[in-house]
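The two complexes that follow have chain A in common; it is paired with chain B in the first and with chain C in the second.
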Partner chain A sequence: MSADACGSCAVANLANLQRLGLQVEQGEVVVALTGNPNTGKSTVFNMLTGLRQHVGNWPGTTVTRAEGAYRSGGAVHRVVDLPGTYSLLSTSSDEDAARDFLLFGDPDVTVVVVDATRLERNLNLVLQVLQITDRVVVALNMMDEAARHGVRLDVRHLERELEVPVVPMSARRGEGVSELLEAIASTAAGTTVGRSRPLRLPASVAAAVDLLAGRLAMEFAGLSNVRWVALRLLEGDASITDALVDGRLGDLDAAMRCRKAS
Partner chain B sequence: MRLDELRPPMDAVVIGLDAVGAERRRLMDLGILPGCAVRAERVSPLGDPTAYVVRGGLVALRRSQAEKVVVGLRTPESGGPNGEC
Partner chain C sequence: MEAHALLADVDRLRADLPPGFADDLVVAIYDEAEAIARASVDTDGLPARLVWDQRLDRLLTHRVGGFVAMGVLFYLVFWFTIAGAALPSDLLFEVLVEHGHPAIRSVFEGAGSPAWLTGVLVDGVYLGVAWVVAVMLPPMAIFFPLFTLLEDLGYLPRVAFNLDRLFAGAGAHGKQALTMMMGFGCNAAGVTATRIIDSPRERLIAIITNNFSICNGRWPTLILMGTIFLGTLVPAPLAGAVAAASVVLVACLGIVVSFVVASVLSRTVLRGETSVYTLELPPYRRPQVWRTIYTSVVDRTLKVLTRALVMAAPAGAVIWSISNVRIGGSSLAAHLAAALDPVGVVMGLNGIILLAYVVAIPANEIIIPTILMLTVSLGAGAHAQAGVMMDLSTAQAGAVLVGVGGWTVLTGVNLMLFTLLHHPCSTTVLTIGRETRSLKWTAVATVLPLALGFLVTAGTTGAARLFGVA
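After this line comes the complex of A and B, so read on.
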C-alpha cells in the first residue's frame, strides 16, 4: 500500500484532524451544516471544531449561526452551523438565516445532517438542497438510535439513489466522523462529484424563469441561484418578494459572500 | 373530515390540503401530503396545539392549521399506523 493511500484513509483523517475552534479567519473551504431541527447538527459541529456550541434535545437550540474551524488533509475548513430548518421554501425568521446562507453564502460543501430514525421526513430538505447545489454530503446521523429502534438502513442504496456521498454516523459517539471528513474533503476538491437535481419545469414556466433570472442577474450582479429566486418570485413567495422590493436581496448576497472572503 | 377532528389515538390518511400559498407550503414541508398516514398522538393541556405522528416524526399543529387538512379513514392500501406513507 502506498503512503498516499495511508494518508487519505479514514483512520488517518481522524488522526490528522486538528480542531481549530474559533480560528475561522484562515478558512479555505467553507462547509455549511444544515438539516431539520434536532438532528444533531451542533453535535457534528462540535465534533469537527472542538467547540462547545450549545446542544439541546429540542428544536430551536441554534437560533443564529455559529462558526468554527478545523484543519484536515492540509486544508483549513470553516464550518458554519445553521439553525435547523424543514425547508428552503417556507421559512420562519430563524430558518431564514439558514436559507440565506445556503443560497447566497456559496458554501464549498453543504452537509445535510439527517436523522436516520426519521429518514423519510428528512429527505425533503436533502432534495431541496440538491436543487441548488451538487456539492452535498448527507450525514446520516443517529445511526445508533436507529439500530436501537430496529431500523436498518441500506446506505449504499441510498447513496446510489441520491447520487451524493451518504455517511452513516453517530456524532454523539464520535462514529463516522473520519468518513465525514473524507467525504467533505473529496467533495470540496471535486474528486467526488455529486449530482444536483434541478426541478423539471414545464416549458412555459421554464421560459418565464429564464426571463426573470436574466433580469435578476442584471439587477443584482453576481447573485447566486437566480433561477431559484426567480421561481420563488413567480410563486409569490412573500419574503423573497420583500427582499427584492427593498433591495435587501443584493445586500444579502454581498453580506454572505463578504463573510466568506474575510 | 378534517385533521383537527382526529383525537388520540385515531389515525387517518391525508386526502388533500385546503390551504394556499405559504400555509400550504408549510404543511407540505412538514411531510403532510395526500396519501400520507397521520395519527393524533397527544393534545396539549389547553386543547391546542395537537401533536401528530407523520412519517415517523412528531409534528405539532395548531387547530387553525389542522382544520386545513382533509383526511379520511385508513384503508388497507393506505400507509401503516406509524405514519409511513
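After this line comes the complex of A and C, so read on.
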C-alpha cells in the first residue's frame, strides 16, 4: 500500500485531527452542522473542535449558532453548530437561524446529523436539505442506541437512495468521527459528488417555477439553487421574500460568483 | 426596484397555481422519507423502546405520580446540596477568612503598606472574594453536577410535559417549562433560551417570568437563610431536612408566582391564543457521570464563580470605601442605610439589606458577603473597624446577623422571599433588553418582581406583627 493511501485512511485522519477551538478567522472550508433537535449536533461539534458547547438530553439546548474550527488533511475547517430544526419551512427564531445559514451562509459542506433511532422523521429534513445543496454528508448518529433498541440500519441502501455519503457514528463515544472527517473532506474537495434531488412538481407548478427561475437566474447568475428559491417565493415564504427585498440574496449571488471565478 | 418587480411577478404566477400545492409538496417529501426509511430500517421484531423506559415514563409523567416524583427529586437534590456543602463551607471559611485574612493583613502591614491601601485591598477586595468562595463554591460544586445528571438523563422534557397543562392554563407556552429550568441555572441563559418559543406574545411572558426561577447566584442566599433561621428551629437531626424543605418551598413558590404572573399577563396586556407545539420526549440516556462532573465543575461552577469573583472584588472595594468615607461624623454607608431603613422596616428587612441589594446589582452572588460586611461595619461600631468584619471572634455568618445585625426569623424569611422576588441582576436586564428590543418590556421585567417583592414582604411582616409573632 502506498504512503498516500495510508495518509488518507480513516485512522490517520483521526490521528492528524488538530482541534482549533475558537480560532475561526482562518477558516477555509465552512462546515454547517444541522439536524433535528436533540440528535447530538453539539456533541459532534464538540468532538470535532475540542470546544465544550453545552450539550443536554433535551430538544432546544442550542438556540444560537456556535462556531469552532479544526484542521484535518492540511485544511482548516470552520464548523458552524446550528440550532436544531424539524424542517426548513418553519418559523421560530432559533430555527430561522439554522435555515438562514444553510441558505445564505453558503457552507461548503452541510452535515445533517440524524438520530438513527428515528430515521423516518429525520429523513424529512435530509430530503429538504438535499433540495438546496448537493454538498451534503449524513451523519447517522446514535448508532449505539439504535443497536441497543434492536434497530438495524442498511447504511449502503441509505447511501444509494440519498446519493450522498452516509456515516454511521456514535458521537458521544467518539465512534465514526474519523470517517466523518473523511466524508467532509472528500465532499469539500469535490472528489465525492452527491446529487441534489430534483424538485418533483406537478406540471402547472413546474411551469411557474421554471419561468421564475429563469428570471432569477438572469438577475442572480451566481445562485446555485434558483429553482428552490423560486418555489419558496411562490409558496409565499416570508424569510426568502425578505432576503430578496433587503438584498441578502444579491449579496449571496455576488459571493458565489466570486467563488466560481477563483 | 428590481426586487419589487420580481415580487409582483411572483404574485401574478401564484394566482394561477392550484390552491394547496405547497402542502402537496410537503406530503411528497414525507412519503419519500417513509419509503426510504422502510427499506433501510430493520427493527428485528424488538419493541422500539426498551420496557424500562416506558415504565419509568409511566411514573415520571403520571398525572399525580409525576408531580410527586418531581418534588422528591428536587428535594433530594437540595438536601444533598445543603448537607454536603455545610462542612466544606465551614472549612473554607476557617482557612480563607479566620486565618487567611489576618495573615495577609500582617504581610501588608509588615511591608509598610499605607492604611488605606491595606483597607481597600485586604479588608475590601480580599474579604469580599474570600466570602464569595466560602459561601458559594461548595453548594455550586454539588448542585451543578446533580442538576446536569438529571439533564443528561433526559428528565427535563418530562418536567416540561408535566407542567404543560398548567402553562396552557396560564395562557403561556408549554416550552416555557424548559426556559424556566434554564433559569434555575442562570436567568440570563433562561431569557436567551426563550428563543425556542415561536410566538412573540408567549415569548415575552416567558422572559418576564424567568426571573422567578431562582438562579445559582441566589441559591446560596436561600440555603444560608434556611440553615441559619429555619433549620435551627427544630432539633439538630432534622435541621438539614427542614432547611432543604424551606429552600424547595421558596423555589416552588417561584413557580407558582410564574404561573400567576403569566395568567395575569395573558389575560390583560398580553392576550392571545396559546400555541400548539410538539415536544419530543427523548429516550432516557445513561449519563456519563465522570464527564458530567468534570464539565459541570469546570464549565459551570468555575464560570459562575469567576463571575462572582470579578463582581465581588470591586464590590468589596466599594463597600470598604463607602464605609470609610465620612460625612458629618458617620460614614457614607451609614447615611445610605439610614435613608433606606424606613422602607426596609416596612418590608421586615433593614436598610443595610436594601443597600446591599443596590451595591450588588451586578450579581446576586455577592449579596450575602455584602450584607455581612455592611452589617459588621455599621452595626457594631464598638468592636469592628469600619468595613471589616473579621476582627470578630464569632465571625460565623449566623452569629453576625443575629448578634450584630439584630436579625430575627422574620428577617430571614423575608430575605428568602425577597431573594425570590426582586429585580434581575444587571446581566439579565441587559439580556432582556437585547432579546425584547423594547425599553418598555425591559422595564416591566425589572420593576414587576421588585414591586411584588415589596408587597409580599410587607404583607408577611404586617401579618407577623398583627399576630404578635414578631
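Note that in this section the second predicted complex is superposed on the first by the 220 of 262 C-alpha atoms of A that agree within 3 Å, B and C clash if a C-alpha of one lies under 4 Å from a C-alpha of the other, contacts with A are read in each partner's own complex, and residues count from 1 in each chain.
The rule is simple: a residue touches a chain if its C-beta (ideal position, glycine included) is under 8 Å from a C-beta of that chain, and two chains touch if they have at least 3 such contacts.
Just so it is clear, the structure is predicted and the values come from calculations on it, not from any experiment.
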{"item": "Chain B versus chain C as contact partner of A:191, first or second or both or neither", "value": "neither"}
{"item": "First, second, both or neither for A:238, with chain B first and chain C second", "value": "first"}
{"item": "Partner chain in contact with A:89 - chain B first, chain C second, else both or neither", "value": "both"}
{"item": "Chain B versus chain C as contact partner of A:52, first or second or both or neither", "value": "second"}
{"item": "Touched chain A residues, chain B compared with chain C", "value": "C"}
{"item": "Chain B versus chain C as contact partner of A:150, first or second or both or neither", "value": "second"}
{"item": "First, second, both or neither for A:162, with chain B first and chain C second", "value": "second"}
{"item": "Touching both chain C and chain B, counted on chain A across the two superposed complexes", "value": "86, 89, 117, 119-121, 124, 236"}
{"item": "Touching residues on chain A, where the partner in the complex is chain C", "value": "37-38, 52, 54, 56-60, 63-64, 83, 86, 89, 91-94, 117, 119-121, 123-124, 126-128, 145, 148-155, 157-158, 161-162, 172, 199-202, 204-205, 208, 211-212, 215-216, 219, 231, 233-236, 241, 244-245, 247"}
{"item": "Chain B residues within the chain A interface of the complex", "value": "21-22, 25-26, 29-31, 54-57, 84-85"}
{"item": "Chain C residues within the chain A interface of the complex", "value": "2-4, 6-7, 9-10, 13-14, 16-18, 21-22, 24-26, 28-30, 32-34, 36-50, 148, 151-154, 156-157, 160, 175, 178, 192-193, 195-198, 278-280, 282-283, 285, 288, 295, 298-299"}
{"item": "List of chain A residues in touch with chain B within their complex", "value": "86-87, 89-90, 117-121, 124, 236-238"}
